[in-house]
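Dumping the structure here so I can ask a few things about it.
Chain naming follows the written order as A, B and C, and within any one chain the residues start at number 1.
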Amino acid sequence: MKSFRKTLTQHTPGRVAFVNLTPEVEAAVRESGIREGLCLVNAMHITASVFINDDESGLHQDYAAWLERLAPHDPSPAAYRHNRTGEDNGDAHLKRQVMGREVVVAVTEGRLDFGPWEQIFYGEFDGRRDKRVLVKIIGE
Amino acid sequence: MKSFRKTLTQHTPGRVAFVNLTPEVEAAVRESGIREGLCLVNAMHITASVFINDDESGLHQDYAAWLERLAPHDPSPAAYRHNRTGEDNGDAHLKRQVMGREVVVAVTEGRLDFGPWEQIFYGEFDGRRDKRVLVKIIGE
Amino acid sequence: MKSFRKTLTQHTPGRVAFVNLTPEVEAAVRESGIREGLCLVNAMHITASVFINDDESGLHQDYAAWLERLAPHDPSPAAYRHNRTGEDNGDAHLKRQVMGREVVVAVTEGRLDFGPWEQIFYGEFDGRRDKRVLVKIIGE
(Lines give C-alpha, C1' and ligand atoms only; values in the text may rest on other atoms or scores of the structure.)
Protein backbone atom coordinates (compact mmCIF):
# COMPACT_ATOMS: atom_id res chain seq x y z
CA MET A 1 0.00 0.00 0.00
CA LYS A 2 1.19 3.49 -0.86
CA SER A 3 0.18 6.71 0.87
CA PHE A 4 0.61 10.33 -0.11
CA ARG A 5 0.02 13.58 1.80
CA LYS A 6 -0.05 17.19 0.74
CA THR A 7 -1.53 20.42 2.09
CA LEU A 8 -2.96 23.22 -0.05
CA THR A 9 -3.02 26.73 1.43
CA GLN A 10 -6.03 28.98 0.85
CA HIS A 11 -6.34 32.69 1.52
CA THR A 12 -9.55 34.34 0.43
CA PRO A 13 -9.94 38.14 0.51
CA GLY A 14 -13.58 38.10 1.74
CA ARG A 15 -15.34 36.36 4.58
CA VAL A 16 -17.19 33.93 2.28
CA ALA A 17 -15.71 32.41 -0.88
CA PHE A 18 -15.69 29.26 -2.98
CA VAL A 19 -12.49 28.06 -4.67
CA ASN A 20 -12.22 25.21 -7.19
CA LEU A 21 -9.56 22.79 -5.89
CA THR A 22 -9.97 20.15 -8.60
CA PRO A 23 -6.80 20.91 -10.63
CA GLU A 24 -4.64 20.85 -7.49
CA VAL A 25 -6.18 17.60 -6.25
CA GLU A 26 -5.78 16.00 -9.70
CA ALA A 27 -2.13 17.06 -9.66
CA ALA A 28 -1.72 15.47 -6.22
CA VAL A 29 -3.16 12.19 -7.52
CA ARG A 30 -0.69 12.20 -10.42
CA GLU A 31 2.18 13.08 -8.08
CA SER A 32 1.21 10.22 -5.73
CA GLY A 33 1.59 7.57 -8.43
CA ILE A 34 -1.45 5.82 -6.94
CA ARG A 35 -3.64 4.12 -9.58
CA GLU A 36 -6.39 2.56 -7.43
CA GLY A 37 -7.43 3.86 -4.03
CA LEU A 38 -9.23 6.55 -2.05
CA CYS A 39 -8.48 10.26 -1.89
CA LEU A 40 -9.54 12.24 1.19
CA VAL A 41 -9.72 16.03 0.87
CA ASN A 42 -10.62 17.92 4.05
CA ALA A 43 -10.58 21.41 5.48
CA MET A 44 -8.08 21.54 8.37
CA HIS A 45 -9.97 24.52 9.82
CA ILE A 46 -13.38 24.39 11.43
CA THR A 47 -15.03 27.38 9.76
CA ALA A 48 -14.39 26.05 6.23
CA SER A 49 -15.71 23.19 4.10
CA VAL A 50 -14.62 20.93 1.30
CA PHE A 51 -17.52 19.78 -0.88
CA ILE A 52 -18.32 18.56 -4.38
CA ASN A 53 -20.76 20.32 -6.64
CA ASP A 54 -21.01 22.36 -9.84
CA ASP A 55 -18.52 25.00 -11.01
CA GLU A 56 -21.22 27.62 -11.65
CA SER A 57 -20.97 31.07 -10.12
CA GLY A 58 -24.74 31.59 -9.86
CA LEU A 59 -25.01 28.41 -7.80
CA HIS A 60 -22.23 29.60 -5.51
CA GLN A 61 -24.14 32.84 -4.94
CA ASP A 62 -27.21 30.72 -4.16
CA TYR A 63 -25.19 28.74 -1.60
CA ALA A 64 -23.90 31.92 0.04
CA ALA A 65 -27.38 33.51 0.27
CA TRP A 66 -29.00 30.29 1.53
CA LEU A 67 -26.37 29.69 4.19
CA GLU A 68 -26.78 33.31 5.28
CA ARG A 69 -30.49 32.65 5.82
CA LEU A 70 -29.83 29.39 7.70
CA ALA A 71 -27.09 30.90 9.92
CA PRO A 72 -26.80 34.69 9.53
CA HIS A 73 -23.49 36.37 10.21
CA ASP A 74 -23.83 38.35 13.44
CA PRO A 75 -20.76 39.09 15.58
CA SER A 76 -22.82 39.77 18.69
CA PRO A 77 -22.59 37.41 21.68
CA ALA A 78 -26.41 37.53 21.80
CA ALA A 79 -26.70 35.85 18.41
CA TYR A 80 -24.13 33.10 19.05
CA ARG A 81 -22.81 32.02 22.45
CA HIS A 82 -19.56 31.12 20.71
CA ASN A 83 -19.01 34.86 20.19
CA ARG A 84 -18.81 35.32 24.00
CA THR A 85 -15.29 33.88 23.71
CA GLY A 86 -14.22 37.00 21.79
CA GLU A 87 -14.77 35.40 18.38
CA ASP A 88 -17.16 36.87 15.81
CA ASN A 89 -17.52 33.74 13.64
CA GLY A 90 -20.18 31.63 15.37
CA ASP A 91 -22.19 31.59 12.14
CA ALA A 92 -19.23 30.17 10.18
CA HIS A 93 -19.08 27.06 12.40
CA LEU A 94 -22.75 26.38 11.57
CA LYS A 95 -22.44 27.06 7.83
CA ARG A 96 -19.52 24.64 7.64
CA GLN A 97 -21.67 21.81 9.05
CA VAL A 98 -24.25 22.22 6.26
CA MET A 99 -21.61 22.09 3.53
CA GLY A 100 -19.42 19.44 5.20
CA ARG A 101 -15.77 19.10 6.24
CA GLU A 102 -14.48 16.58 3.73
CA VAL A 103 -14.96 14.54 0.60
CA VAL A 104 -13.70 11.05 -0.17
CA VAL A 105 -13.18 10.43 -3.87
CA ALA A 106 -12.35 7.15 -5.59
CA VAL A 107 -9.08 6.98 -7.54
CA THR A 108 -9.42 4.71 -10.58
CA GLU A 109 -6.76 4.17 -13.25
CA GLY A 110 -4.74 7.02 -11.76
CA ARG A 111 -7.51 9.64 -11.89
CA LEU A 112 -10.28 11.09 -9.71
CA ASP A 113 -13.29 8.91 -10.54
CA PHE A 114 -15.87 11.62 -11.15
CA GLY A 115 -19.33 11.96 -12.65
CA PRO A 116 -19.82 14.48 -15.47
CA TRP A 117 -20.14 17.67 -13.38
CA GLU A 118 -18.32 16.83 -10.15
CA GLN A 119 -15.76 19.41 -9.04
CA ILE A 120 -14.12 19.78 -5.60
CA PHE A 121 -14.57 23.13 -3.85
CA TYR A 122 -13.13 24.81 -0.83
CA GLY A 123 -15.89 26.75 0.95
CA GLU A 124 -14.65 29.55 3.18
CA PHE A 125 -16.96 31.11 5.78
CA ASP A 126 -14.45 33.13 7.82
CA GLY A 127 -11.67 34.10 5.43
CA ARG A 128 -8.99 36.76 5.22
CA ARG A 129 -6.22 34.58 6.65
CA ASP A 130 -4.23 31.50 5.62
CA LYS A 131 -5.98 28.17 5.98
CA ARG A 132 -5.00 24.70 4.88
CA VAL A 133 -6.69 21.83 3.07
CA LEU A 134 -5.33 18.30 3.52
CA VAL A 135 -5.10 15.81 0.65
CA LYS A 136 -4.38 12.22 1.74
CA ILE A 137 -4.37 9.41 -0.80
CA ILE A 138 -3.99 5.72 -0.04
CA GLY A 139 -3.95 2.83 -2.48
CA GLU A 140 -1.50 1.30 -4.86
CA MET B 1 -4.34 -4.37 -1.42
CA LYS B 2 -7.38 -5.13 -3.55
CA SER B 3 -9.73 -2.62 -5.12
CA PHE B 4 -13.16 -3.01 -6.68
CA ARG B 5 -15.35 -0.59 -8.65
CA LYS B 6 -18.93 -0.76 -9.78
CA THR B 7 -21.60 1.74 -10.81
CA LEU B 8 -25.32 1.40 -10.06
CA THR B 9 -27.76 3.19 -12.36
CA GLN B 10 -30.81 4.92 -10.89
CA HIS B 11 -33.84 6.29 -12.72
CA THR B 12 -36.67 7.62 -10.56
CA PRO B 13 -40.04 8.58 -12.09
CA GLY B 14 -40.53 11.70 -9.91
CA ARG B 15 -38.36 14.66 -9.08
CA VAL B 16 -37.74 13.53 -5.48
CA ALA B 17 -37.29 9.91 -4.41
CA PHE B 18 -35.42 7.69 -1.97
CA VAL B 19 -34.14 4.26 -3.05
CA ASN B 20 -32.63 1.63 -0.74
CA LEU B 21 -29.24 0.65 -2.19
CA THR B 22 -28.20 -1.70 0.60
CA PRO B 23 -28.77 -5.03 -1.19
CA GLU B 24 -26.80 -3.87 -4.25
CA VAL B 25 -23.91 -2.54 -2.14
CA GLU B 26 -23.83 -5.76 -0.10
CA ALA B 27 -23.69 -7.72 -3.36
CA ALA B 28 -20.77 -5.54 -4.51
CA VAL B 29 -18.89 -6.28 -1.27
CA ARG B 30 -19.38 -10.02 -1.80
CA GLU B 31 -18.36 -9.74 -5.45
CA SER B 32 -15.20 -7.81 -4.48
CA GLY B 33 -13.91 -10.61 -2.25
CA ILE B 34 -12.64 -7.94 0.14
CA ARG B 35 -12.88 -9.01 3.82
CA GLU B 36 -11.45 -5.96 5.62
CA GLY B 37 -11.48 -2.45 4.21
CA LEU B 38 -13.52 0.64 3.40
CA CYS B 39 -16.45 0.97 1.01
CA LEU B 40 -17.20 4.36 -0.55
CA VAL B 41 -20.66 4.88 -2.04
CA ASN B 42 -21.25 8.24 -3.72
CA ALA B 43 -23.67 9.95 -6.06
CA MET B 44 -21.89 10.76 -9.34
CA HIS B 45 -24.41 13.54 -9.98
CA ILE B 46 -24.63 16.82 -8.11
CA THR B 47 -28.37 16.99 -7.49
CA ALA B 48 -28.49 13.62 -5.72
CA SER B 49 -27.28 12.22 -2.40
CA VAL B 50 -26.15 8.97 -0.85
CA PHE B 51 -26.87 8.78 2.86
CA ILE B 52 -27.47 6.29 5.66
CA ASN B 53 -30.63 6.29 7.73
CA ASP B 54 -33.77 4.27 8.46
CA ASP B 55 -35.82 2.33 5.89
CA GLU B 56 -39.14 3.88 6.98
CA SER B 57 -41.43 5.54 4.45
CA GLY B 58 -42.86 8.07 6.92
CA LEU B 59 -39.35 9.29 7.67
CA HIS B 60 -38.63 9.64 3.95
CA GLN B 61 -41.76 11.80 3.60
CA ASP B 62 -40.48 13.86 6.55
CA TYR B 63 -37.14 14.34 4.77
CA ALA B 64 -38.84 15.41 1.54
CA ALA B 65 -41.12 17.91 3.31
CA TRP B 66 -38.30 19.30 5.45
CA LEU B 67 -35.92 19.75 2.51
CA GLU B 68 -38.73 21.48 0.64
CA ARG B 69 -39.01 23.98 3.50
CA LEU B 70 -35.24 24.51 3.64
CA ALA B 71 -34.83 24.89 -0.14
CA PRO B 72 -38.18 25.07 -1.97
CA HIS B 73 -38.40 23.93 -5.57
CA ASP B 74 -38.89 27.03 -7.73
CA PRO B 75 -37.78 27.01 -11.38
CA SER B 76 -37.68 30.81 -11.60
CA PRO B 77 -34.34 32.61 -12.02
CA ALA B 78 -35.51 35.00 -9.28
CA ALA B 79 -35.53 32.19 -6.70
CA TYR B 80 -32.14 30.70 -7.63
CA ARG B 81 -29.43 32.40 -9.68
CA HIS B 82 -28.43 28.95 -10.91
CA ASN B 83 -31.72 28.87 -12.84
CA ARG B 84 -30.49 31.81 -14.96
CA THR B 85 -28.36 29.25 -16.80
CA GLY B 86 -31.55 27.66 -18.18
CA GLU B 87 -31.70 25.01 -15.44
CA ASP B 88 -34.71 24.66 -13.14
CA ASN B 89 -33.01 22.65 -10.41
CA GLY B 90 -31.23 25.20 -8.21
CA ASP B 91 -33.11 23.84 -5.19
CA ALA B 92 -31.82 20.31 -5.83
CA HIS B 93 -28.17 21.42 -5.52
CA LEU B 94 -29.00 22.81 -2.05
CA LYS B 95 -31.02 19.82 -0.88
CA ARG B 96 -28.16 17.50 -1.86
CA GLN B 97 -25.76 19.40 0.44
CA VAL B 98 -28.00 18.81 3.48
CA MET B 99 -28.24 15.07 2.81
CA GLY B 100 -24.63 14.62 1.65
CA ARG B 101 -22.86 13.24 -1.43
CA GLU B 102 -21.34 10.05 -0.05
CA VAL B 103 -20.99 7.52 2.72
CA VAL B 104 -17.94 5.55 3.76
CA VAL B 105 -18.76 2.22 5.38
CA ALA B 106 -16.38 -0.19 7.09
CA VAL B 107 -16.10 -3.68 5.62
CA THR B 108 -15.47 -6.26 8.36
CA GLU B 109 -15.32 -10.03 7.84
CA GLY B 110 -16.61 -9.56 4.30
CA ARG B 111 -19.73 -7.57 5.22
CA LEU B 112 -20.89 -3.97 5.61
CA ASP B 113 -20.21 -3.21 9.27
CA PHE B 114 -23.55 -1.68 10.23
CA GLY B 115 -25.46 -0.76 13.37
CA PRO B 116 -28.93 -2.25 13.85
CA TRP B 117 -30.91 0.15 11.63
CA GLU B 118 -28.36 1.47 9.17
CA GLN B 119 -29.39 1.27 5.51
CA ILE B 120 -27.84 3.06 2.51
CA PHE B 121 -30.14 5.28 0.46
CA TYR B 122 -29.95 7.09 -2.81
CA GLY B 123 -31.69 10.46 -2.48
CA GLU B 124 -32.84 11.98 -5.75
CA PHE B 125 -33.81 15.66 -5.95
CA ASP B 126 -33.99 16.13 -9.73
CA GLY B 127 -34.98 12.76 -11.18
CA ARG B 128 -36.62 11.48 -14.34
CA ARG B 129 -33.35 10.58 -16.07
CA ASP B 130 -30.53 8.05 -15.64
CA LYS B 131 -28.01 8.79 -12.92
CA ARG B 132 -25.18 6.74 -11.53
CA VAL B 133 -23.91 5.82 -8.07
CA LEU B 134 -20.28 4.75 -7.64
CA VAL B 135 -19.23 1.93 -5.31
CA LYS B 136 -15.47 1.74 -4.67
CA ILE B 137 -14.07 -0.75 -2.18
CA ILE B 138 -10.46 -1.03 -1.09
CA GLY B 139 -8.94 -3.48 1.38
CA GLU B 140 -7.89 -7.08 1.36
CA MET C 1 -2.39 -3.68 4.55
CA LYS C 2 -3.48 -3.66 8.18
CA SER C 3 -6.98 -3.07 9.49
CA PHE C 4 -8.27 -2.33 12.96
CA ARG C 5 -11.80 -2.16 14.39
CA LYS C 6 -13.15 -0.94 17.69
CA THR C 7 -16.50 0.26 19.01
CA LEU C 8 -16.97 2.99 21.62
CA THR C 9 -20.18 2.95 23.69
CA GLN C 10 -21.94 6.22 24.49
CA HIS C 11 -24.74 6.81 26.96
CA THR C 12 -25.83 10.40 27.46
CA PRO C 13 -28.26 11.37 30.24
CA GLY C 14 -30.22 13.91 28.15
CA ARG C 15 -31.83 13.79 24.74
CA VAL C 16 -29.19 16.07 23.16
CA ALA C 17 -25.48 16.01 24.01
CA PHE C 18 -22.02 16.43 22.51
CA VAL C 19 -19.12 14.23 23.66
CA ASN C 20 -15.46 14.68 22.69
CA LEU C 21 -14.24 11.35 21.28
CA THR C 22 -10.74 12.53 20.30
CA PRO C 23 -8.77 10.87 23.12
CA GLU C 24 -10.46 7.51 22.52
CA VAL C 25 -9.91 7.69 18.75
CA GLU C 26 -6.26 8.69 19.25
CA ALA C 27 -5.87 5.70 21.57
CA ALA C 28 -7.39 3.45 18.89
CA VAL C 29 -4.88 4.74 16.31
CA ARG C 30 -1.99 3.96 18.70
CA GLU C 31 -3.45 0.53 19.46
CA SER C 32 -3.80 -0.23 15.74
CA GLY C 33 -0.09 0.24 15.06
CA ILE C 34 -1.06 1.87 11.74
CA ARG C 35 1.31 4.71 10.73
CA GLU C 36 -0.18 5.81 7.39
CA GLY C 37 -3.81 5.34 6.40
CA LEU C 38 -7.40 6.44 6.86
CA CYS C 39 -9.51 6.36 10.03
CA LEU C 40 -13.30 6.17 9.71
CA VAL C 41 -15.36 7.14 12.76
CA ASN C 42 -19.13 6.75 12.40
CA ALA C 43 -22.25 6.65 14.52
CA MET C 44 -23.78 3.17 14.31
CA HIS C 45 -27.19 4.64 15.20
CA ILE C 46 -29.31 6.81 12.95
CA THR C 47 -30.30 9.54 15.41
CA ALA C 48 -26.68 10.42 16.25
CA SER C 49 -23.76 12.06 14.46
CA VAL C 50 -20.00 12.03 14.42
CA PHE C 51 -18.51 15.36 13.33
CA ILE C 52 -15.38 17.49 13.67
CA ASN C 53 -15.45 20.97 15.09
CA ASP C 54 -14.32 23.05 18.07
CA ASP C 55 -14.28 21.91 21.71
CA GLU C 56 -16.13 24.99 22.96
CA SER C 57 -19.26 24.66 25.08
CA GLY C 58 -20.85 27.89 23.81
CA LEU C 59 -20.59 26.61 20.25
CA HIS C 60 -22.21 23.33 21.27
CA GLN C 61 -25.12 25.29 22.76
CA ASP C 62 -25.33 27.21 19.48
CA TYR C 63 -25.50 23.91 17.58
CA ALA C 64 -28.25 22.57 19.84
CA ALA C 65 -30.35 25.75 19.56
CA TRP C 66 -29.86 26.01 15.79
CA LEU C 67 -30.77 22.36 15.15
CA GLU C 68 -33.84 22.84 17.32
CA ARG C 69 -34.92 25.69 15.03
CA LEU C 70 -34.23 23.67 11.87
CA ALA C 71 -35.99 20.52 13.15
CA PRO C 72 -37.86 21.11 16.43
CA HIS C 73 -38.41 18.21 18.80
CA ASP C 74 -42.11 17.33 18.73
CA PRO C 75 -43.28 13.81 19.60
CA SER C 76 -46.62 14.25 17.84
CA PRO C 77 -47.41 12.24 14.69
CA ALA C 78 -48.67 15.50 13.16
CA ALA C 79 -45.20 17.05 13.29
CA TYR C 80 -43.32 14.06 11.88
CA ARG C 81 -44.84 11.13 10.00
CA HIS C 82 -42.07 8.97 11.42
CA ASN C 83 -43.73 9.40 14.83
CA ARG C 84 -46.80 7.49 13.52
CA THR C 85 -44.70 4.34 13.95
CA GLY C 86 -44.81 4.86 17.73
CA GLU C 87 -41.45 6.67 17.82
CA ASP C 88 -41.08 10.20 19.19
CA ASN C 89 -37.73 10.99 17.59
CA GLY C 90 -38.53 12.10 14.03
CA ASP C 91 -36.66 15.35 14.69
CA ALA C 92 -33.49 13.48 15.68
CA HIS C 93 -33.27 11.74 12.26
CA LEU C 94 -33.30 15.19 10.61
CA LYS C 95 -30.80 16.80 13.00
CA ARG C 96 -28.38 13.95 12.39
CA GLN C 97 -28.38 14.65 8.63
CA VAL C 98 -27.27 18.26 9.18
CA MET C 99 -24.38 17.23 11.43
CA GLY C 100 -23.43 14.09 9.48
CA ARG C 101 -22.95 10.38 10.20
CA GLU C 102 -19.20 10.01 9.92
CA VAL C 103 -15.79 11.54 9.57
CA VAL C 104 -12.78 10.20 7.72
CA VAL C 105 -9.47 11.39 9.14
CA ALA C 106 -5.99 10.90 7.69
CA VAL C 107 -3.50 8.97 9.80
CA THR C 108 0.05 10.29 9.28
CA GLU C 109 3.13 9.15 11.18
CA GLY C 110 0.91 7.19 13.56
CA ARG C 111 -1.34 10.11 14.56
CA LEU C 112 -4.64 11.74 13.56
CA ASP C 113 -3.59 14.35 10.99
CA PHE C 114 -5.48 17.34 12.35
CA GLY C 115 -5.56 21.10 11.88
CA PRO C 116 -5.07 23.28 14.96
CA TRP C 117 -8.62 23.12 16.37
CA GLU C 118 -10.04 19.90 14.96
CA GLN C 119 -11.65 17.61 17.54
CA ILE C 120 -13.98 14.65 16.91
CA PHE C 121 -17.41 14.78 18.56
CA TYR C 122 -20.26 12.42 19.08
CA GLY C 123 -23.54 14.31 18.65
CA GLU C 124 -26.53 12.68 20.31
CA PHE C 125 -30.08 13.74 19.40
CA ASP C 126 -32.08 10.96 21.07
CA GLY C 127 -30.06 9.83 24.06
CA ARG C 128 -30.70 8.07 27.38
CA ARG C 129 -29.69 4.63 26.13
CA ASP C 130 -26.52 2.85 24.99
CA LYS C 131 -25.32 3.62 21.50
CA ARG C 132 -22.15 2.69 19.68
CA VAL C 133 -19.58 4.49 17.57
CA LEU C 134 -17.43 2.49 15.14
CA VAL C 135 -13.73 3.20 14.59
CA LYS C 136 -12.21 1.44 11.55
CA ILE C 137 -8.63 2.13 10.52
CA ILE C 138 -6.91 0.80 7.41
CA GLY C 139 -3.35 1.41 6.27
CA GLU C 140 0.06 0.16 7.20
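In the analysis below, contacts are C-beta pairs under 8 Å (C-beta built on N, C-alpha and C of every residue); 3 or more make two chains touch, one makes a residue touch a chain.
Computed from a prediction, not measured in an experiment: that's the story for all the values here.
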Proportion of interface numbers common to chain A and chain C (over half same, under half different): different
Superposition of chain A upon chain B: rotation angle, C-alpha, nearest 5 degrees: 120
Gap in Å, rounded to a whole number, between the CA centres of chain C and chain A: 20
Residues of chain C engaged with two or more neighbouring chains: 1, 38, 70, 98, 100, 104, 138
Touching residues (chain side chain B, partner chain C) in the complex: 1, 36-38, 51-54, 56, 58-59, 61-63, 66, 70, 98-100, 103-106, 108, 113-118, 138-140
Interfacial residue positions of chain C with respect to chain B in the complex: 1, 3, 5, 38, 40, 42-46, 70-71, 80-85, 90, 93-94, 96-98, 100-102, 104, 132, 134, 136, 138
